[in-house]
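Shown next, in structure tokens, is the structure this report addresses.
To keep things simple, chains are lettered A, B, C and D as they appear, and every chain counts its residues starting from 1.
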Amino acid sequence: MAGASQKRAGVLGATGSVGQKFILLLAEHPDFELYKLGASSRSAGKSYKDAVKWRQTATIPESAQSLAVVECTTKEFADCDVVFSGLDADVAGDIEKDMFEHGLVVISNAKNYRREPTVPLVVPLVNTHHLDVIARKIESARSQGVEKPGYIICNSNCSTAGLVVPLAALSRAFGPISHVTVTTMQAISGAGFAPGVLGFDILDNVVPYISGEEEKLEWETAKIMGNIADDDSFAPLSDMLVSAQCNRVAVSDGHLECVSFKFVSERKPTIDQVKQALRDYKCEPQNLGCSSAPKQAIYVLEEPDRPQPRLDRMRDNGYAVSVGRIRPDTIFDFRFVVLSHNTVIGAAGSGILIAETLLGRGLL
Amino acid sequence: MAGASQKRAGVLGATGSVGQKFILLLAEHPDFELYKLGASSRSAGKSYKDAVKWRQTATIPESAQSLAVVECTTKEFADCDVVFSGLDADVAGDIEKDMFEHGLVVISNAKNYRREPTVPLVVPLVNTHHLDVIARKIESARSQGVEKPGYIICNSNCSTAGLVVPLAALSRAFGPISHVTVTTMQAISGAGFAPGVLGFDILDNVVPYISGEEEKLEWETAKIMGNIADDDSFAPLSDMLVSAQCNRVAVSDGHLECVSFKFVSERKPTIDQVKQALRDYKCEPQNLGCSSAPKQAIYVLEEPDRPQPRLDRMRDNGYAVSVGRIRPDTIFDFRFVVLSHNTVIGAAGSGILIAETLLGRGLL
Amino acid sequence: MAGASQKRAGVLGATGSVGQKFILLLAEHPDFELYKLGASSRSAGKSYKDAVKWRQTATIPESAQSLAVVECTTKEFADCDVVFSGLDADVAGDIEKDMFEHGLVVISNAKNYRREPTVPLVVPLVNTHHLDVIARKIESARSQGVEKPGYIICNSNCSTAGLVVPLAALSRAFGPISHVTVTTMQAISGAGFAPGVLGFDILDNVVPYISGEEEKLEWETAKIMGNIADDDSFAPLSDMLVSAQCNRVAVSDGHLECVSFKFVSERKPTIDQVKQALRDYKCEPQNLGCSSAPKQAIYVLEEPDRPQPRLDRMRDNGYAVSVGRIRPDTIFDFRFVVLSHNTVIGAAGSGILIAETLLGRGLL
Amino acid sequence: MAGASQKRAGVLGATGSVGQKFILLLAEHPDFELYKLGASSRSAGKSYKDAVKWRQTATIPESAQSLAVVECTTKEFADCDVVFSGLDADVAGDIEKDMFEHGLVVISNAKNYRREPTVPLVVPLVNTHHLDVIARKIESARSQGVEKPGYIICNSNCSTAGLVVPLAALSRAFGPISHVTVTTMQAISGAGFAPGVLGFDILDNVVPYISGEEEKLEWETAKIMGNIADDDSFAPLSDMLVSAQCNRVAVSDGHLECVSFKFVSERKPTIDQVKQALRDYKCEPQNLGCSSAPKQAIYVLEEPDRPQPRLDRMRDNGYAVSVGRIRPDTIFDFRFVVLSHNTVIGAAGSGILIAETLLGRGLL
């Protein structure tokens, strides 16, 4: 049941992989009311229950089951306080643009606007300070008489989210990082359901390629860890080299990444200092008391064979990342293994946490 | 049926994972006769068929089924021309030592003697020139009246075999390599059967740790690519830095490795030159016409998503390695993905090919 | 923290598969305090955290982490109100006997005493009326001055639990059943961890055999659905024929079973009546308000392709069973597919729910 | 290279799952020349290598790589001696009809004409005597001056092929069968590639439903084991009850089926007689010396846990079936587990063996 103070939330692409996760996370959410569900014209008009091929381990939330699915138009979503987009990239561009140009607040999981210099690309455990730009935009718009200015915020690619959290924590503690190599072993849920990864292609197999993924992992990391320029555009880090190799493995949820890296500074921390900095790391959603914020942003695991996707992906409901096997590298300074839940902190959950942060800042 | 000119082959650890593979490869072999099968005292006395829990996709070869299993003693194997050892490390040390000190030729998959400076550690597609030391030892022993001198040759760790083949090919073509990073995704057959990898640990999971594997991968590469010192000991490369991260994935056979590397020389080859050098690479077993030698040592795959374990591991019966996704690196010079069959060229098959090389050189 | 009124619970075999699940279920339990953890002498003396190779998706509960592991002796567990046994059958017999003969209340997952005519074999969603025998035993013992009489109650084999719940519901509604065929597809967690199912044996495979399973499934069903004889022994149904075929599949948790069956009566219910009877089914733990009792004992799924292990095993925390594909059979009356969580309602959870029922009846 | 006496073979649906298998089996075939490859208009005009997303473990045969893909029209395939169809059911109907009505010999894996009373539905290890009808049709057509009469023969559904082979063998030896229950665990390759089974749906899961499969398994068995009526139509067995339950499991290739059955006769064979009858079973392709005919039609396995898909599916190149766990049933007479390779004897290989039989009979 919707509380008096709840914000009305819309979900675009509600029948897809990311959309289903948005619905699960929003259904019981204290701050948001599941208000509009959008999908393709093929689904529009049906109840959500009839429109969706549900593939989550929890059952379809009651509050979603009988909601009527609508088309993804600005008009249909006009009275939403926030719109979460789980649209595929081939349709997200036009739909999202029309919405944020017409006064809607869009938080998108699609890649279309991530590279825009004026659009914040936010991993909520890392760079919510990039939302300052949004705050200034809103203020400026209101000073010009626009009551409800629209804008878009993008969350990152799923494999990026896992990588930048520990890198940001360490960079904050010990200064900038010059080199990063990362090899990912990514879950099949990251590919969505249409078409997704074919069982015949992943059973007893690894696919050492995900289209566009390595490039995204490399430049998104630079934008997320970068600064805000004087003109309120985002300035990707230019002096950090990132080399990524991406693989798809037979895991349902949870991206595992083997990382090695080097600090710029010659004054290297010890292993224990690295671990402590990761454990001590706090992010704005934690400080704001956001309801989905992880208790601990980064769990440091001491067992030699952890983190593992099946065992560790659900720490703090999938909003925390887990780092293990922290040890010296033979080429760079350190290496470690990081695990993140690709459909929570790496996708839908990231969008939710961005919205909670906006709410916590009074921007929504 | 054993041919007149066939060499008598013994297999130690015949009921284990590597032993079963030795038996499959030897059963139809033109050069070897399956002559003695050794296992623990628990199995000794039984027919092989009754002693083994057979887990191969081909059925137990007829020539092995009714062979009586014996204990792994020098006496039992005394009249073997060559003994292939698939023993576990905890028992291999003493058994193998007694054998090679008493005139037997041992080719071992165990790790126990790999680091010995005087023992060749051979990947047959790479460093059969290290067998020159054996040739000189035999000559020297015979000149001292020892008719049948014993010795041991080790094959490498399974994950090493895949890495060194393309590195050796490129090093031969373009000079030494200074930096190598490698992240492996290794098949569960590499862990053997006792205890092996538990299904509950690997289903819907990745285990980012294999005990001792990273160290082996780092130093074995240096020894295999190293030179023979003046005293006929082996001198590992000291100026090549290797950083390894090893993972176990839900794949039955076939180790996949993501590699990036840098040449010492500033005169870099082009991508096409790199591919051509890999395609042109030839090894001694090919030149000798060894019966198990791959037609092509290295297959260069142009499809963006290959090699894949399930599709490519059996190229040339598992004796070839496959390299794909050759592309520039953002930190070092190049990166690629290499696949090798861990129980063929990475274990038992490697031992067979070493024996064939000895035979081709007239040393057996 | 232990509440004033909590019962002290011991766990035997605490480091094993079933033991770990007992600990998870007891750690946050309102009625029980995790009081004693028993394991082999190899683990005794260590903290639980150090003794266990933890393999659950939730982390080790705080209340268990630093508990000292003790040996499984009657003396160590003497002041437990109830002892849950997750021991392997090869050691359970002697340990459990000594305990229940010396005044301890043992609820066991081991098979050793299941066939004893005087020992209740209880699936808590089905035959808690068999606990009447225990109530009478306690009363009789007390009347003879035994303050705290010991006894043992067994929970069923994991594959039995799933089968008997819908059969009992239908038998209650429409009279006795004459024929049952069942083919199971069982999860690997059912095999425990030592040795458990080897990854190499189950990846890309099905193993059509589980030692002793078919016999257990056939006779346990008869005992659980049977009556109490005049002498308070248990009288298995003698006129119901059960034919079972058991398979192990690549699923982590959740046993799926394809069932067809025939009622004795010629007056057959309709499909809709069958569904309604399953939906309406209530068991004693529900009526007593036991804290782990499922909201709904049996979920009837209407989607054509459900239940599925990954999607449906956690309904009501794994304490409910799911039935789908209810349709007429071409040989018997009806067929359906039933799913149950093998380590919850099929093992540890069943023990917990038995204990809650005893508590609800005032027997503990 | 095509031999002088080789028949020209066409493949319809050449880029699909079944088509790829046809190509693998035909490429090295002594009797057939890979002559025409047909696919959708999207692929037509491309070389096969460029048109196909190849997913087989063997590489694309040389003889297929540069063949130009054509559209699936009668004109394009007019000079083929035999056309193998791997088309999807939604397009197979019209294309195949046009071909067999215009003088082409079509052997189809599609389901469209299987139920036609005048079309033979053939499992080549079972009912090649149904091809007598084709022989008579050809003779009759030729007597009417039609030189090259067209016709269609269907192979069975993949799950049917495994079931009917042992049932036919036992029925031949011990008389008719009255009751059969079968529960299948089917490989994902059986679902093809477009869309096929999604990895997210099958990993750590079983799907207890395959659309239309149970019905097919039930009536196809009756037609294949049935007789030829006086008017040369096929008369399905009417007095054998078959009850099927079909499941999809995480296996790449190989359908496993748990079967129980009852003979009509009260004079039951012993277990040993059943095993012997299975071992002794011979089919026409064996008697004709067809090149793909299995050495042994049915392998009887004595190990308690066999057959297993990964270990046994490739017996006799996938043209044999394996039967294990033969034991008395508690309801019917006997039960057993049967394994068949769904893409060989259950699909493409079945088509090849039918063509070889036609050839062996002089009908092609």
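The rule is simple: a residue touches a chain if its C-beta (ideal position, glycine included) is under 8 Å from a C-beta of that chain, and two chains touch if they have at least 3 such contacts.
Keep in mind that this is a model prediction, so the values were computed, not measured.
A.B. asks: Just to be sure I understand the contacts, which chains border both chain C and chain B?
C.D. replies: Touching chain B as well as chain C, we find A, D.
A.B. asks: Determine which of the two chain pairs, A-B or A-D, is joined by the larger number of C-beta pairs in contact.
C.D. replies: Counting C-beta pairs in contact for A-B and A-D gives the edge to A-B.
A.B. asks: Taking each chain's centre as the mean of its CA atoms, which one is most distant from chain A?
C.D. replies: Farthest from chain A by mean C-alpha position: D.
A.B. asks: Chain A to chain C: how many Å between their CA centres?
C.D. replies: Chain centroid spacing, chain A to chain C, equals 41 Å.
A.B. asks: Determine the centre-to-centre distance between chain A and chain B, using the mean Cα coordinates as centres, and give it in whole Å.
C.D. replies: The mean C-alpha positions of chain A and chain B differ by 43 Å.
A.B. asks: Distance between chain A and chain D based on Cα centroids, please, to the nearest Å.
C.D. replies: So the centre of chain A lies 48 Å away from the centre of chain D.
A.B. asks: Which chain D residues sit where two or more other chains touch them?
C.D. replies: 55, 203-204, 250-252, 310-311
A.B. asks: What residues of chain C sit close enough to touch chain B in their complex?
C.D. replies: 55, 188-189, 193, 195-204, 250-252
A.B. asks: In their complex, what parts of chain D are in touch with chain C?
C.D. replies: 179, 181, 183, 185, 203-209, 211, 218, 241-243, 245, 247, 249-252, 256, 258, 260, 304-311, 324-325, 329-332, 335, 337
A.B. asks: Spell out the part of chain A that touches chain C in their complex, as residue ranges.
C.D. replies: My answer: residues 55-59, 203-204, 252, 310-311, 314-315.
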